[in-house]
Every structure is written in C-alpha cells, then in structure tokens.
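By letter and in written order, the chains are A, B and C; residue numbering begins at 1 in each of them.
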C-alpha cells in the first residue's frame, strides 16, 4: 500500500513537471507571437544569406546546385546562432530566469522545454522555408526530401548545442560574437553529416547512414545538453 | 653526423627553407611561452610591492590598514576566491586608500589652522 | 585513505612552496632533452627515403600535436576537479593551461603547413588531422575568450570548466565526423606522420623530443601557475612577505 502511495506521488510530481514544461512552452510561444520579429528576423537572414551566394560566386545552374546543400545548411546554422543570443538573455532581463532557477521542477527538464520552444520558432520555421531556398539555388529535386529530413533532425541539435553557449554568455555584455565562437565548433559534426546526406541524395546514393548518425547526435543532445545548460545557468547566476 | 659540411646542413638538400622555418616557428612559440610568465611575474611583483609600501606608509601615519583594505585574507590559502584580484577591484581599493590618506591630511591641516 | 595529501594540493601556498623546488629540475631537464633531441634529429639522423630532409620537421610537429591534444584532456580533468571538489588550484591550472595549449596547437598547424609544401606541393590540405587540429584550436579560442569575457573569478572558473567538459565530450564526435568527411572526399593519400614503421634511429630522437616538450609544458605551466597564485592571493600575509 505504501509503495503504491509513493508511486502515485512520483507520478504526480512528474505530471506537475510536465505541465510546467507545457506552460513554459506556451509562454514562450505567446511571447514570440506578440513580437514576431524574433522568429521572422532569422528567416529573413536565412533568405538574404542564400541570395548572397549567387551574387558572390556565379548564377550558373551547375555551380549553384553543387553548392546548394552547403549554402542552405550554413545559412540555417548562422540563422539559428543569431536567434540563440536572446534565448536566455530576454528572460534574464525580465527576471523570468530567476523564477526558472527557483522552480521546484528539475531545471534540465525546464531548459529542454525552453530549447524546444526556441526550435519551434527558429529551426522549424527555417526548415519550412528551406524548399524555397532549394528552388532558388537549383537544388536537384531528388535531394529535397534529404534536405528536409536533415534539417528536421539537425536544427534541434543546433538549438541544443547553441543553448549551452547561450547559457554561458547570458551575463556577458554583447555576448553575441562570443556565443558564435563557443558554438560553431560544436556545429561541425552536424554540418558534415547533413550536407553529406544531401550530396549523397543528389548522386542517387543511399543516405540512411547519415540520417542515423544525425539521429544519434539528436539523442545525445537531448540527453546531455540540458544537463550542461542547467549547470551553466546555475553557475552563472550564483 | 649525417651532413658532410656546414652549408650542406643549412641547405638540407633543398629542403632547408622548410625545415629551418618550421624550427624558427617552434623557437618563437617556445620564446613566447617563456617570455609571458617572466614578464607577468615582474609586473605582479611590482604591483604587490607597491601595495605593501602603500600600506606601510599608511601604518606609519596611524591609519588602521585593516579598515582601509577591507577583508585582508588569512594565510591558510582557504579563503574564497572572491577576495582575489580582479583588476577593477584592485583599482577601487587603491582609490579608497588614497581617499583615506587625503582625509587624514585634511584633518591634520584643519587641526593646524584651528590652533 | 589519507586525504590530507588531497587537501594540501588544494592549498595554493603549499603548491607555491613545493613547486619552487621542482622548477630548477624541470628547467634543466626540458632544456637538455629538447636540445639533445633536436640536434640529434636535425644533424645525426639519415634522411627519409620518401620525403628527404623535410621529414626532420617531425621532431617538432609530432610533439606539438601530442601536447595540443593532451593539454585539452588535462584541462577537462582540471575542469571536473574544479566542479566536483571546488579546488581553487584546479581552476588556476585550467586557466593557465589554455594559452599554452593554444600556442602548441598553432605550432602544430604551422609546422604541418610548412611540411605540406614540400610533401604535397601546397601549404594547406584539408586533411583529417589538420582539420581536426584547426577545430581544436577553435575550442581553445572559445575557452580563452569566455575567460576574458566574464569578470568575476568564481563565475569565470565554473563557466570555463563547463565549457571544457562540453568540448571534451565533443572532441571524439568531431574527430570521427572529420575523419568520415575526409574519407568521403578522398583527400591526400600521403599522410604526414603515419608511417608503417619508423626506423629506430629516427624514433629515438622523436621520443626524446616528445618527452622534452612535455617537460617544457610542465615547466611553463608551473611558472604560470605560480604567478596566478601570487596574483590571486595578493591580499594574504605570505604573499606580502614573499614580495617585500
């Protein structure tokens, strides 16, 4: 009987943690809807970066289709980085971060919820926009599905890894450049496998292996990154 | 000795420029690693010596050093790292000391004029 | 188990005193080993049958690469100690090791590039090892930059510790993906340092050079650590007495 009581207690606690996460995601999404610039600016940036490449290199169909995978992925990577700067900083400014730190629910879980809502407003939107860029850059249509799958699997990893840097630089004035320095090395594996998959798809080669590796990175990121982010937030705000 | 002449050693059968420039870079890195600590050591020692001299001066004038330099540490090496040295903190302390000195002087001059 | 040794290690004053005794030995041994190894490697070993005399760069390239990689591992160890036991000395070590490791990383890259010119006919090849080393340099730069950006010592210590641990988890992933990427793109066929077997007359000076570079690193680290101790403990009586 006592055991059952404990079980339900644990269940209740995890339920409460879960509903706290949902509330957090809802709050972040509402905030983004009120000031949609936060979500739109990275998308505009993404589009502009993709425009610069034909202007800077050559508008030839062959050249562009060769470069397309790399250009789209590097553009997405930089756009996510730009949006990460404000991930914890705006919460720090309005005091919401202190509330988060004092909450009775496990901090890694809450942080994971925050990163998820960030991904919804950045990485996910960029993924939805990617077909447009793929058409502009003449990416062969065989590679469209590979591009979308890699973006869906890869951009959450970018959000997770970048959130570590974002948490570490939350107290730093004008920490945007520093955030870039800290995060870009962590993005390299994702970039390699994602563009590898798209290029393989362009040559009609199997790319399941790449996709599986990206999924491994995503699982690793979901398991480990929240711990590092929570640790960083605690340390910086001590 | 593998090479039969000094010039042969320097030329390295055409590869001299690469080998010697690599060794030059290595000596630059080694020199950098030696120079930085030696220079930093001199600077830190001068700073602390100046600090000690200032405190001695203050003691001579009868100012309680412990009041001016707040939180002077113990020597067990176990106090918190906060009382260490960010540059700004050091400067602030120096200012506080100078102010205290100034006040002391002002007080003395006021006393003198009153008499 | 007797833990007093561990606690003593945490005391900066104790380390300052004991390291003063190590320093002369480190200085003499690293100087002797490096000069013997380099003179041996430069003048007394036969040239490589494939690469000629340019292979003599190996005697600095390999030790520098080894150091650059293992210094990062040491930093991660120091980071773990900083976070778990909150030992001040470990954080000081973490701080002073970063610029030394970065300098050897640059040395490894520079000598690799110089070696690449006679071997591959180009200064830079996107070879897996060179690329991984370049990314390692980025990791070093990140830690140094983060340390410079946070002004409170305590927060900077823990932030850098977390970043080093994140980096050390990522190093194998980065290395694996760069290797994979390199095999895909069929880069250089002749790798710089990978040889089926090195002749013993080349191996001995190389081992001596590696040992000498490690001793040199230890010496520089101790030098910097002592200055860091003096700088952070400047309020204490023993430092004041030491200086005056």
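In this text, a contact is a pair of C-beta atoms (placed from the backbone, for glycine too) under 8 Å apart; a residue touches a chain by one contact, two chains touch by 3 or more.
Computed from a predicted structure; not experimentally measured.
Peer 1: What chain is most central when centres are computed from CA atoms?
Peer 2: Centroid comparison flags C as closest.
Peer 1: Return the chain whose centre of C-alpha atoms lies at maximal distance from the corresponding centre of chain C.
Peer 2: Most remote chain from chain C, centroid-wise, comes out as A.
Peer 1: Give, as an integer number of Å, the spacing between the C-alpha centres of chain C and chain B.
Peer 2: Computed value for the inter-centroid distance: 25 Å.
Peer 1: Could you please state the distance in Å, as a whole number, between where the Cα atoms of chain A are centred and where those of chain C are centred?
Peer 2: 33
Peer 1: Using Cα averages as centroids, what's the distance between chain A and chain B in whole Å?
Peer 2: Averaging C-alpha atoms per chain gives centres 44 Å apart.
Peer 1: Give me the residue numbers in chain C that touch at least two other chains, ranges are fine.
Peer 2: 154
Peer 1: Please name which positions on chain C make contact with chain A in the complex.
Peer 2: 83, 135, 138-139, 141-142, 145-146, 149-150, 154-155, 158-159, 162-163, 165-167, 169-170, 173-174, 176-178, 180-181, 184
Peer 1: Which stretch or stretches of chain C touch chain B in the complex?
Peer 2: Against chain B, chain C makes touches at 10-14, 38, 42-47, 52-54, 56-57, 60-61, 64, 88, 91, 99-100, 103-104, 106-107, 110-111, 114-115, 117-118, 151-154, 157, 216, 220, 223-224, 226-227, 230-240, 243-244.
Peer 1: Could you list, by residue number, the parts of chain B that touch chain C in their complex?
Peer 2: Contacts found on chain B: 1-3, 9, 12-16, 18-19, 21-23, 25-26, 29-30, 32-34, 36-38, 40-41, 44-45, 47-49, 51-52, 69, 71-86, 88.
Peer 1: For chain A, which residues are in contact with chain C within the complex?
Peer 2: 164, 168-169, 171-172, 175, 178, 181-182, 184-186, 188-189, 192-193, 196, 213, 217, 220, 224, 228, 231-232, 235-236, 238
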